[in-house]
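Residue numbering begins at 1 within each chain, and the chains themselves are lettered A, B, C and D in the order written.
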Amino acid sequence: MANSKWEYVKLFERPDQLLPNTWVVVRIDGRGFTKFANKYSWEKPNDRRALDLMNAAAKAVVTEMPDLVIAYGISDEYSFVFHKTCKLFERRESKLVTTIVSTFTSYYIYLWSQYFPDRPLSPPLPSFDGRAVCYPSVSNMRDYMSWRQADCHINNLYNTTFWCLILRGGMNSQEAERALAGTVSGDKNELLFTKFGINYNNEPEIYKKGSVIFRDYELAEPGSHNAAAEADSTAEPVQLSKSQSEREKKKRTKAKVVIEHLDIIKDDFWDRRPWILSNKPGKARAQTTRETSPCLASE
Amino acid sequence: MANSKWEYVKLFERPDQLLPNTWVVVRIDGRGFTKFANKYSWEKPNDRRALDLMNAAAKAVVTEMPDLVIAYGISDEYSFVFHKTCKLFERRESKLVTTIVSTFTSYYIYLWSQYFPDRPLSPPLPSFDGRAVCYPSVSNMRDYMSWRQADCHINNLYNTTFWCLILRGGMNSQEAERALAGTVSGDKNELLFTKFGINYNNEPEIYKKGSVIFRDYELAEPGSHNAAAEADSTAEPVQLSKSQSEREKKKRTKAKVVIEHLDIIKDDFWDRRPWILSNKPGKARAQTTRETSPCLASE
Amino acid sequence: MANSKWEYVKLFERPDQLLPNTWVVVRIDGRGFTKFANKYSWEKPNDRRALDLMNAAAKAVVTEMPDLVIAYGISDEYSFVFHKTCKLFERRESKLVTTIVSTFTSYYIYLWSQYFPDRPLSPPLPSFDGRAVCYPSVSNMRDYMSWRQADCHINNLYNTTFWCLILRGGMNSQEAERALAGTVSGDKNELLFTKFGINYNNEPEIYKKGSVIFRDYELAEPGSHNAAAEADSTAEPVQLSKSQSEREKKKRTKAKVVIEHLDIIKDDFWDRRPWILSNKPGKARAQTTRETSPCLASE
Amino acid sequence: MANSKWEYVKLFERPDQLLPNTWVVVRIDGRGFTKFANKYSWEKPNDRRALDLMNAAAKAVVTEMPDLVIAYGISDEYSFVFHKTCKLFERRESKLVTTIVSTFTSYYIYLWSQYFPDRPLSPPLPSFDGRAVCYPSVSNMRDYMSWRQADCHINNLYNTTFWCLILRGGMNSQEAERALAGTVSGDKNELLFTKFGINYNNEPEIYKKGSVIFRDYELAEPGSHNAAAEADSTAEPVQLSKSQSEREKKKRTKAKVVIEHLDIIKDDFWDRRPWILSNKPGKARAQTTRETSPCLASE
């Protein structure tokens, strides 16, 4: 039973390498999470444990894949960004996307009981889909991130008001929807404040800003780098000596992966963390006492 | 903070719908499973519990996705086949592949403790990559399946002999490799029999044939159908009335999903199960007593 | 000035091989031919010389590319079909499409003066765009051809009536459009007959049916072949011995390429010409006296 | 004969829009031009009329397609560059590539008799294939252009020496090949000078540098622009008002398209012509008396 007569079927595989010198964003989304949230009685508008679980799974992904320079998550979605010089898996789209989706799913299920000790999982289980998009310039990639964070803000303001009207205002969902139809941000802020005494600005940053995950080094002085222009003008291929490459890998592996809730729309975030755009590891921060294990819930 | 100025980034998404009227095979593979197998001390050459766990996860995938007509697994890989008329997710490649990879991973982690109650998982966790390939004709798709099953046979005969030489023959791996270099199937069968008294034909079917998963109906009389020719000649789009389509879906959902260890290279398997190629549900089998839940290990 | 430092730019080329075992249809279309037709005062609704020029250029393409099994043209468009086993240029899409577009354009310009001796070309010159589509089964490919021929019929009946109303009925184009709005085929036939004494059935076949180009061999007895089923069930790769392959190539090169105006929707056309679907050259016809040069206008 | 039952075949068309915000280079190549050159007895190592014909056809393409910012040609190949903001044909690859290939072919055949009045074309006719490649950054695109021009230099120095050895040195081609094996540029320069009294630097620029085609405006002061950095940092979509867009189009149409033989590897070429990278039309040059028609051979 030689299998050579059937091996021709390998010819039907299509190559799927992503265009070199572009930023690769892999976004994953929870499948049917509205229903899933109901099944496990998640709190509205935000369930802190659910977000912490998403963040812990995403942190594990970033920790295991040093080619990722940043990740950003809101609700049941997470975006992972490979640096434009990334050569992992020869940039094969399927490998990059499925490795992220599978690793994320794996940690999500594994860590579930830490975050929901009182609500054991049962089939049908949660799962995630994902896809990759290439962005040619730093501006395009940052605009993608800004788009997601603006979405986070818009959705969270809406949801916070919507659920206040229901949970504290006694409306049903149709009534709440009607009450919010046509309102702008100012209206919702006003409504929250006058009706429920809530100052939206004081809401937790994790809900308003979403979560950013990256390797942490010493912050740069503002204005001391122009990592964006440098990144854009760098052409392929970046030629590192083997030893230099090893040194950088080591630094990356040792760097602390952190979960923060910062503004990533303004320049400041990027200017002070030039390593994200340059992919050159920064200077290690003085040691702190926070945990670094990707698998502990103690962020 | 309107996000309209950043929404243009959606234009960078590339459409990825797979060619209509082709069989879509999604194959997933364990990432770094050689190392993983050592970590959990799996038995050589085959660890029955590891295979049963793969099968249970794959059965859950097939059960949750009725568009899958058959799946075939060996070692740490599994191939899932969507019927050529499948329109799930508008045939978008990323959605199809990542949904399978994520669902599979989810059940794999979830069910782990049932199959390895004595060996709790710890990071780094197992994960799987995957990709899709389109096959235009029934012959191409069946040749793909034959290729995998022939590989199963070739690898298992080799591995069985190799590990006999080591575990019972006292060789180290270099010696065993040398002993097998240049041998053909007959030589290995002979060696197993004369040296170790093993008749390879009596080895468990799950090791020799791999595992086939499909919905089970009453077998057809051999020669009563020509599902392959019918499937090939059917052009897009299959026009089912809504009620007909609902009826078929219901039948599929009710059908028992089974795991078998059969020859899928010869015609007989396909001739007697015309529903796999036609995608028309067969006649329900008389009820048996076996469990049908995808999440129990009792196959 | 070694160019090695720049050669990395080759890595940005994306592979574009078309899925094996599928019928590849390359359709080309005249760019801006409405305007072009006016510039050279082509007759309405059909300019015979313009169609003959299209046919002559297409015949040259089919003659120079023996991997093409059939071509079909109407108005300023032409569809060329590569057999599903075709391996020309490793099935690279760009090569296949641009070779056809360029060869066609080349002959179109070169032959122009034979068909329009009184109207010399001047810039801007005519040009054509093109694209490839893969069809997995014989049914899909034949349905594509039927679609084009049905379009030919529908357009020609409409245009014939439309231009009768204008040229002989004295209407302007708005009036003619209004007169035809909402009419079905029967209405137009009736109108042509009662108003202008034209029996549409007696119109020239080239206008009603379009033009089919193929290699011509002795017709098969109806029912003697089932080339479609055979073609569909044949899997990759077809293994011809080198000498057999050479023999077939020679037969193809010697075969007469003909331009006909036949019904290609019904089975009869395909049943009697099994070589189109099988790609196995038929038996040479008894010699006739017609010209076979691709570059003479004497069809 | 409604064609609705066949229209589903349109679903098999695959979208092929190129990634936004990338430079699109379309390169075309003569098919079988070694044989073709022999058929028309072109001069070795360079036939000036053949190059002039290539340039005239390419100039017509650039003139007819204002989205092209630059083109570069050597031997029987030509590269055409669309600005990264180009939205022509919605950036559909097939349309962009085939339109260039067809327009180029059209002019090549049409203008042939002007350049080779004594050698009328006969079948098989010349034709060209082509493909598109996307480059994300200015550096990548300029490196592509540098690669082609370095190739031009390397090939021309080799060919000039090779044909001197044959035509004036009395060698056959094997002997000439052997004589040049392992030589570097310096060796060939030396050989040309000492053996044949040829100073390679004095060879015609068109042979040494190839041909560059672009719209010509008043040169900028060196150092006054940083068009590359600007181009790289500009994200999609460039929002021009309709009237502004019209004004720019008009300027482009009026600009003179020139064929030059300049160094495009060094920065100077690009620094002084910032309109190529910025796609903002420059200031019209004071009128000169040279011809601007794309179809005259008088460059």
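Miscellaneous remarks
Definition applied: contacts are C-beta pairs under 8 Å (C-beta built on N, C-alpha and C of every residue); 3 or more make two chains touch, one makes a residue touch a chain.
Owing to the predicted nature of the structure, the values given are computational and were not obtained by experimental measurement.
Path length between chain A and chain C in the touching-chain graph (shortest route): 1.
Least-squares overlay of CA atoms from chain B onto chain D yields a rotation of 180° to the nearest 5.
Taking the mean Cα position of each chain as its centre, A sits at the greatest distance from chain C. Taking each chain's centre as the mean of its C-alpha atoms, chain B lies 51 Å from chain D.
Averaging C-alpha coordinates per chain places the centre of chain C 32 Å away from that of chain D.
Computed from the mean C-alpha positions, the centre of chain A lies at a distance of 43 Å from the centre of chain D. In chain B, the residues that reach two or more other chains under the touch definition are 8-9, 12, 14, 19-21, 134-135, 140, 143, 236.
Looking at the complex, you find that chain A touches chain C at residues 8-9, 11-12, 14-15, 17, 19-21, 235-237.
Listing the residues of chain A that touch chain D in their complex gives 19-22, 84, 134-140, 143, 228-229, 232-236. The part of chain B that touches chain A in the complex is made up of residues 1-3, 6-9, 12-14, 16, 28, 31, 60, 64, 94-95, 97-99, 101-103, 105-110, 121, 123-135, 140, 143-144, 146-147, 150-151, 153-154, 185, 265, 293-295.
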